[in-house]
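The same subunit A turns up in both complexes below, where it pairs with subunit B and then with subunit C.
Moving on, here comes the complex of A and B:
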């Protein structure tokens, strides 16, 4: 129980810090004024632009934590991460099309939609390929994932070269690919909250079977689990979760890999507590990293994925080393 | 009301000078009310967005050198409250706070300057990072495109209207049109040389050239040249072989004279028609690669090169 209270308190504190952080720092009193409906330009900026982004960052982080936990559970590999099965390449391709090809829909809709479709479509493609190849197991999926990622990456690079010019800048695509929380409207934020809760419920239904699978395929079969079928199901669920994260947050490196590990040290390996704990850890990390991305280098913004990788990498190595020594 | 109390005050003081003062005060007040009650200005921008300003803006943030120079050309440099990091002209605005640079644009920094107008061009990440937040918090934002020289002139007129000095915008644009007309009369009687302007060299050996369908390409056409690389409308990068093969009458390099010497010292380039005839020139980057008022100077300089 102590762990849960601690994690929740840390998340709230992180949200408060992040809401204050920016090129121009806000005071908690200023935040309250903004929430109370003050009409000054500064307050409107806090309420309409900064707060939804901070909330979105928390939920994107939670989705990445969930996705990472499922993938690590399915592949029984501590190095598995949510972008493993082509979803990063697919999402980036979708986003590139949304950002560079002039289409009829407004970009604020198109970008999350195509990013989602790309991320999920790529993983479905990977599963399809490994089914056709007759190898719906971890190794078959991984190989298909590598191949699909390579193809999608090449397509994206070609589109970037062919479609950019003075007005349609490569920087826009690049900064999306390197991760950056899109700022949804409050209505969009509401959708994100609902989606995240749905994803949490979905992943909890997988929890017990992920535990069984963790005993090894032979053991899982002995427990009556249809391993191949379950792997496919879990990967599909995981890819939906990751695609939702990508649609709102771009490609945020490292969080999906690290959060499950940190959560495992806190609550142990069983998936029922692990999934929500990993979501909380992911949320804390992304909220803080997004604050750094927004505040560290005025007047510029550092892409979020770079912050999570540069700051999260050493932190993760340190924790890992401590863990291995003890 | 103010007039009445001032009048009352005057009657109590019973002094003719006070009366005059009261009349002058009320006249000033009426003038102030007049400008405060000015009609809201509504225009359509390059993204076909409707932009409404309740009153002429007093605190303008023009993003990019081109837009800054246009605002300054209307004599309104003192209304500019912020610029981006690569704006180098005019000198009097260079001390203004920066709102962005190569790594993007800061919504926080923009809002801290309390602007009542932001002008952007979709380049780098400006449009993507600024349009949405400014719309949400209600700061008027005008998007401008500059794909041709006439579009630059239209932008001068549009900004003139938006900032409440339409006659000045009209006057500046008309003056530029007159100068362009003079260039046109001069160049249309002479044969048109073919030309290539190289604007940059890439690490992989490819070269960036000014294309048709951009204001730089348009400036070359208006100055009386035709492109020696027709059909490079979509891709700006060409191989040095393509430039050799096109063998233009005039070769331009947007940059320094020393880099130009490096460029034509490449094997094979000495045999180009332009190099042999001595028609190789370094031209000003700020005049030809910033789509602002100085583009007109650039066109006059180009015309002098194409038609000596």
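Moving on, here comes the complex of A and C:
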């Protein structure tokens, strides 16, 4: 219980700090005025631009935490991460197409849509390949994932070379690939919240079977788990979650890898508590990292993925070292 | 009536036949040891009986029903299976492992967990993590998590690795003792233990069923020597048998 209160309190504190941070720092009182419906320009800006983005960051982080936990559970490998099965490459390809190919739809729709389709499509492709190859186990999936990621990466590089000119700069594509929360409208944020809650419910239905799978395949079979089918099901579920995160937040490095570890230290390896705990940890990390991305080098914005990798890496190594020593 | 039966069971993988057709019947209460030299197909037979390896020909019946057509949850509830090697991927605590084991059934008697903990002398170990347990403790935890739902059938591959002689004796004895109340089928690697503690012996060699007899009867059978490719000197001891192999 203490852990849950602590994590929730930390998340609220992180949201408060992040909402204050930015090119122009706001005071908590100013925030309150903005939420209360003040009409001054500063309050409007805070309410329309900064707050939805902070909330979006929290939920993107939660999605990454969930996705990472599912992937680590399925592959029974603490090094597994949500972008493992080509979803990052697929998402990046989708985003590149949205940014560089002139299409009729408005980009604010097209980008998340194609990123989602790319992330999910790549994973489905990987599953299909491993099925055709007859290697429907974790190792077969991994190999297919590596191959598909390489192909998609090459395609994206080609598109970037062939299609970029003076009007669409490569920088736009690159900054998306490096991760960054799009500032959504409040309606968009509402969708994100709904999707995240749905994903949480979905992942909790997998929790017990992930625990059984963690006993090893021989034991899982004896405990009545249809191992092959469950791996497929869980990978599909995980990839939907990751695709949703990618659609709203681009490719944010490291959070999906690290959150489950931190959560495991806090609540243990059983998946029913682990999944929500990992979502909370992911949310805290992304909210803080997004605040740094916005506020560290005004007026420029650092890509979020760079912040999470640069700040998260050493922090994670420290935690790991401390853990291994004790 | 037999609670578990193999009808004309055959298992092949690719071009190699792991088990040649054999039929076996097991009663609701007996202890059976499966013995045989390396590569005899002991583990394959056990997996086929447990329903985790599909037979190529024939079927395994649980009661009157074909095991392959049984819902997996029901199978997991009725058959407890102990693999030879067990290493959880996450460093779970003893309580968590038992909880996962108990999750095989929808509802469990309120005191089942406590009773199991007591039966396997696991009191005080609830919060200990798997990585900190000794070999003997691990074997007891594994037995506890498989038996917490009290399955009428227990199929076990004797854990030979990482157990010292006393713990090995304890484990094999516990497995055999279960045969007084339920069915217990165990792959036993130590012939002395097999002949000393089990009612009935199934002898395999090269994937074929060589003999299926009461232990007291089979111990003098020359087929035993042939199957293992040695000559046994059989010594009657206070507790059972000692088989010394000579060339």
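In the analysis below, the second predicted complex is superposed on the first by the 326 of 326 C-alpha atoms of A that agree within 3 Å, B and C clash if a C-alpha of one lies under 4 Å from a C-alpha of the other, contacts with A are read in each partner's own complex, and residues count from 1 in each chain.
Following the convention adopted for this analysis, a residue touches a chain if its C-beta (ideal position, glycine included) is under 8 Å from a C-beta of that chain, and two chains touch if they have at least 3 such contacts.
Keep in mind that this is a model prediction, so the values were computed, not measured.
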A:218 touches, of subunit B and subunit C: first, second, both or neither? second
Touching partner for A:45 - first (subunit B), second (subunit C), both, neither: first
Residue contacts on subunit A - larger count, subunit B or subunit C: B
Partner chain(s) touched by A:268 [first = subunit B, second = subunit C, both, neither]: second
Contacts of A:22 with subunit B and subunit C, given as first, second, both or neither: first
First (subunit B), second (subunit C), both or neither touched by A:229: neither
Touching partner for A:323 - first (subunit B), second (subunit C), both, neither: neither
Contact residues common to both interfaces of subunit A (with subunit B and with subunit C): none
Residue ranges of subunit B in contact with subunit A within the complex: 85, 98-109, 111-112, 114, 121-125, 128-129, 132-133, 136-139, 145, 214, 234-236
For the subunit A and subunit C complex, residues of the former touching the latter: 76-77, 208, 211-212, 214-216, 218-219, 221-226, 264, 268-270
Complex contacts: residues of subunit C adjacent to subunit A: 50, 52, 72-77, 79-81, 83, 85-93, 96-97, 99-101, 103-104, 146
Of all residues in subunit A, those that touch subunit B in their complex: 22-24, 41-42, 44-45, 48-49, 99, 108, 162, 165-169, 171-172, 175, 183, 185, 294, 297-302
